[in-house]
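The letters A, B, C, D and E name the chains in turn, as written, and every chain counts its residues from 1.
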C-alpha cells in the first residue's frame, strides 16, 4: 500500500513574471513614463509593506534574459489575496507597459519526510526550534537582497523510475540524503519550497536565494547527483534575477 | 480480448478561458467600459439563469496566473448550445476585451467501473440513491461558491504501463481503490468528470470544487499515490480560480 | 524483410482551420460586415458546388473551442486545386477577418490491409460492391449534416512497440480487428481516412462524421482498446464542430 | 570504438519559409501591391539567375497549409551568401508583407556510407560517373518544375535503439538497404540531402521533388519500413508545395 | 555514493538573440533609421571596448534563419553587468526595432574532469600552461572573426542511461575521450563552455567558433559518436551566424 507523506500548508505564492514593452516605453511621453514609475513604486511599496503586518510578503526582481524583465513574488495567507494583487498590478500605469509572460501558483508546504514528530503532534519532541523552523518554511521571509533562481519541478513517474510507486521509507531516505546535502549550503542559500499539485503544471515551485549567483548554480548542480534528483526528478524552466528595492524602479526603467 | 467499460453520457461541457487585455481596458473611455460591464453581467446572468430551467448550468471564475483571467464554464444538453454560448460571449462588448487563451470540450460521463448494476439495468439493484448519484454526475450542479481546479488527463499508453492493455477486472480494481480514496474527501471536494475522447486533446477533463484551495492540492496529491494515477495517468496543465457571482464583475474589473 | 502494404490514392484533402478576429468584426462598419458575409457565402457555395461536377467536395463547419471558429474542408483531385482554394479564401473579405490557426494536408488512401484482391487486380474477386466501396473511400462525399471530429495520428515507433518493425501479417490482423470494431458503428459514424506521410506532420488525418457527437466519443474510446490503437497509435490534437450550409453564415457571424 | 562516417560538403542551403499577411495585402493600395510584385519578381529572378553562373541555385514554391505561403530555397557556396539573400528578401517591398514563419539551415553532404572509394581517393575505382553523381549531390540543381516535400530528421539516440552506438558496418548495411529502396523511385523522385548538425535543430534536412505528389507520399511511406527509418529515425514537421516561375508571382498573389 | 565533479567559475554569459522588425524598419523615416544605426554602433562599440579593460568581452553576430537576425554575446564578471547590458540595448533606438526572440544565461566553468591537480591546488603539477589554459576557459576572448554555432545541452537522465547515476571515474573517462576528440579540431575550432544549471533551461551552453562553418558541423557530428554524447547528451536548438565589427552595422541593416 502506498503511503503519501503528511503535509502542512502555509502561505499561497504567486510568481508573477512580466515582460516590458520597451518600444512602447521608449515612445511614451515623459508624463506617461512618470506616472507609470509613480504607480509602479507605489504598488510595489504597498505590497512589500504588507510584510510588516505579518500577513504575507512581496518582492520585486530584475530578471536576466528574454523570459521576463520583472518578477513580482507575492506570498499571502489566501489565494484571493494573490488574485487581487495580480489584478491590481495589471491596472497600474506600469502594468499597461507589461505583459504577463508566465506565472506560477503554489502554496508553501512542509511534509512528513522532514519531521514525523511534528505531524504526530508529539509535544515533547517538537521543541521551539523545530516549530520556528517549520513556521519559517510556511510563512517565509523574502531575503532583503541578493539573487533568485526559480524553477518548477515534479517527481518522475517513469516506467522504471516511478517515485509514486516507491514505499514511504525509501522516499524518506532519499529526501533525508537530499536535505543533508542542501544543508551544506546552509548560510549561503535560502529556499522557499511550495507545492503546486492541483494548482499549477508542475508539482512544486522552488525559489532559491543567495548573495552569489554561483551558489545558485552549485547547489542545483551538486544536488542533481542525489538519487532523489538524479533518478526521480524532472525540472521545468529556470529563471534568474536580482531583488531590488521599489525605489530603484526608476533606475531599472531608465538605466 | 480487451473489454472497454460501458459508459453513459450527460451534458456537454465547455471550459472557456479568457485573458483580459488590461492595457486596452485601461485606455478605454468610461462609456465603453460601462457597456462592457453591462453586457458582461447580462451575458453571465442570462447563462447562469438557464440552470433554473434544468437544461444546463453556467458559472464564471476569476483565475489566478497568466493562463487566464476569467473562466466561463458551460454545461448544456447539446454541443450546439455550447457553440452558441461561446460565440455569444465573443460578440459582447466584454468579449472584445478578451482573447480565448485556451478552452476544453468534453461530455459528462459515468462508466461501468462505477456500477455494473446501472449498466445491466438491474432494477432491483439500482435504487433511487444510485440513480440520483448518477444523475448528479451526468447533469451536475456547479457549486455556488468556492475554488475550482481544472485539469485534463489521459490514461498512459506506455510500452510497459499501458492502461488500454490491461484486463477489465484489473482496471476496475484500480478505479475502485481510486474512488474510495476520492470519497475520503467527501464533504470537502466535489468533482465533475467529463470525457473528451474524440472531442479534445486529452481523454478526460476533471473539474474540482472546494471551499478551501488546500483541499484541491491535497486530493490530487494524495490520489497521485494510487496505482491508477501513479502508473497509469498523465496530466495536462492545471488551472485554479474562484467562482464569483455575475454582479461582482464590476469589482473584478475595477478592483 | 519488412513489407509495406500496397496503397491506392484518391483526392487530396485540405483541412483549413480559421479563427475569427471577433474584436475586429465587432468594430467593422456594417458595410464591411455585409461584404464579408457576401463574399464568404459566395466562396463557400462556389466551392461546395464543385461537388456536383464530381471533381471534389467542400464543406464548412462551426468549431467549438479556442482552436478554431471555422473549418473549411476541401477534397480535390489535385494538390494545386487545394492551394488555389486556400489562397482564394485568404483573399475574400471574410478571410481578412480570420487567421489560419492550423491546417492539415493529406490524400485519401486505401491500403492492402483492406483487400488483397483489389491490389492483385483479381477481377473475379473484386466485385462491383468492393469497387464502389473503395471509390467511396478515395472520392468520398462529405455528409450533408452532422458533427465532425478531426484528428491526426501516427503509428508508434517505440523501442518495444514499433509498428514498422512488425511483419505484414501481424499488422493485417490488427487492422482487421480494428476494422471490424469500426464497422459496429456502421450506420452511425462515417469516416474519411487520408494519408499525410511526406505531406504533413502526422501519418494520417482521420475525419469522423455523425449525427450524434457522443458517437464520435464512443467510437474513438472503444477502438482505443484495440491493439492497433492501444499499443501502436499516437494521436494529435482533436477538433470538433458541426457542418452548416453556406447560407447560414450570416447567422453564425451574427447570432 | 565508434567510427563516424567520412563526409564531404558542398553548397549551403537555406529554406526560407514565409507567411503572407493577406489582410494587409488586401488593404494595401494598388501602387504598393504593384511595387511589392515588381520587387518580388526581380528578387526571385535575380536569385534564380545565379544558377547560370554555377555558383548556386534558388527557387520559389507555393506552399499548402498554414505553415507557410511561400518557400524560397537558396543553395550557395558560402553561408554568407545565404545570410545576404535572406536579408535582401526582408528588405524588398514583398518581404514587408511576409513574416518568416520558420527556416532551415544546412549544408549538402555525401558520406562514406555511399562510397568508400571516393573517400579513399582511389582513382581507379572513382570513375567519371561516380564523380558526377557526387557532384550532383554536393552542387544540386533544383528541378525546374514539380512538387516539393521538405522535412528535417535525426537519427534516434534511444536507450535501446541508438544509432550512434552501432558499429560502422551495421550502419552502412542499413544505409545501403535504405539507398536501394530509394533508388526504386529513380526517375520519379529527386532528393537533396543536407546535414544540419551544429547548424540547425535536427541532423539533416531532406528535400524531395516529384511531378506527382503521391510519389512524395509513397517514397517516405515505403522507406519508413526500412530498419534505418523504422527503428533509427525521428522526423520533424513536413512541408509541401509546388515550384512556380518568378513571373507567376502576380498570379499567386492575385489569383 | 555519487560524487559531483569540482568546478570553478569565471565570467557570466548572456546570449541575447534579437529579431528585427524589417517591416517597421522599411517604413521608418531616414532620420529614425540613422539614429538607430548611430545608437546601435555606439552601443556595440562601447560594449566590445570593455574587453580592453579586461573585465569582460562582447561581440555581435549576423544570424542565419528565422530564429534571430542578431546575436549579441556578453561576457562579464557579474550577473548584474549582464542585466544592465541587456536593458541598455532595449533602450537604444536600434533595440526598439527588435524583439528578444530568445536568450541564454550561463557562467563559464572548468570542472574536475579536466584537471584534478588544479582543484587539488597541487602547485607543482599546476604549471603556468595549465593555469593559462584554465584562465582562458574562465575569462575567454571572443575570436575576432569567423562563424559561431551556439547550442544548449544537458546530460541525459534516462531510465537506463542516466549520467548522474554513474560513478565519477566512469564519467571522467568519457569526458577525457570526448576531450581528446575535441582537441583534434585544435587550431580550427575554439569553444566557450558555460554552465547554466540553476540559471537557464539546459545544463550547459556551448559556443563554437571557426573560420569555416563546415568545421562547426564536423566537430559536432564526429563528437556525437563519443559515448558521452551518443548515450548521455541531449541537445537543444542550434543557432548559427557570423561575427561582424560594429561599424558594419549599417551595411547589415542596409545591404
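Rule of thumb we're sticking to: contacts are C-beta pairs under 8 Å (C-beta built on N, C-alpha and C of every residue); 3 or more make two chains touch, one makes a residue touch a chain.
Not measured: the values here are computed from a predicted model.
Within the contact network of the assembly, the step distance from chain C to chain E comes to 2. In terms of the stated touch criterion, the partners common to chain B and chain E are A, listed by label.
Taking each chain's centre as the mean of its C-alpha atoms, chain A lies 46 Å from chain C. Averaged C-alpha coordinates give centres for chain A and chain E that are 28 Å from one another.
Along chain D, residues 159-160 each make contact with two or more other chains. Across the complex, chain A meets chain B through its residues 2-4, 7, 9, 12, 14, 16-17, 79-80, 82-84, 86-88, 90-91, 93, 95-97, 100-105, 107, 157, 159-160, 162, 164-165, 195-201. Residues 20, 22-23, 26-27, 62-67, 69, 147, 149, 151, 158-161, 208, 213-214, 216-222, 224-227, 229-231, 237-238, 240-242, 252, 255 of chain B are the ones touching chain A in the complex.
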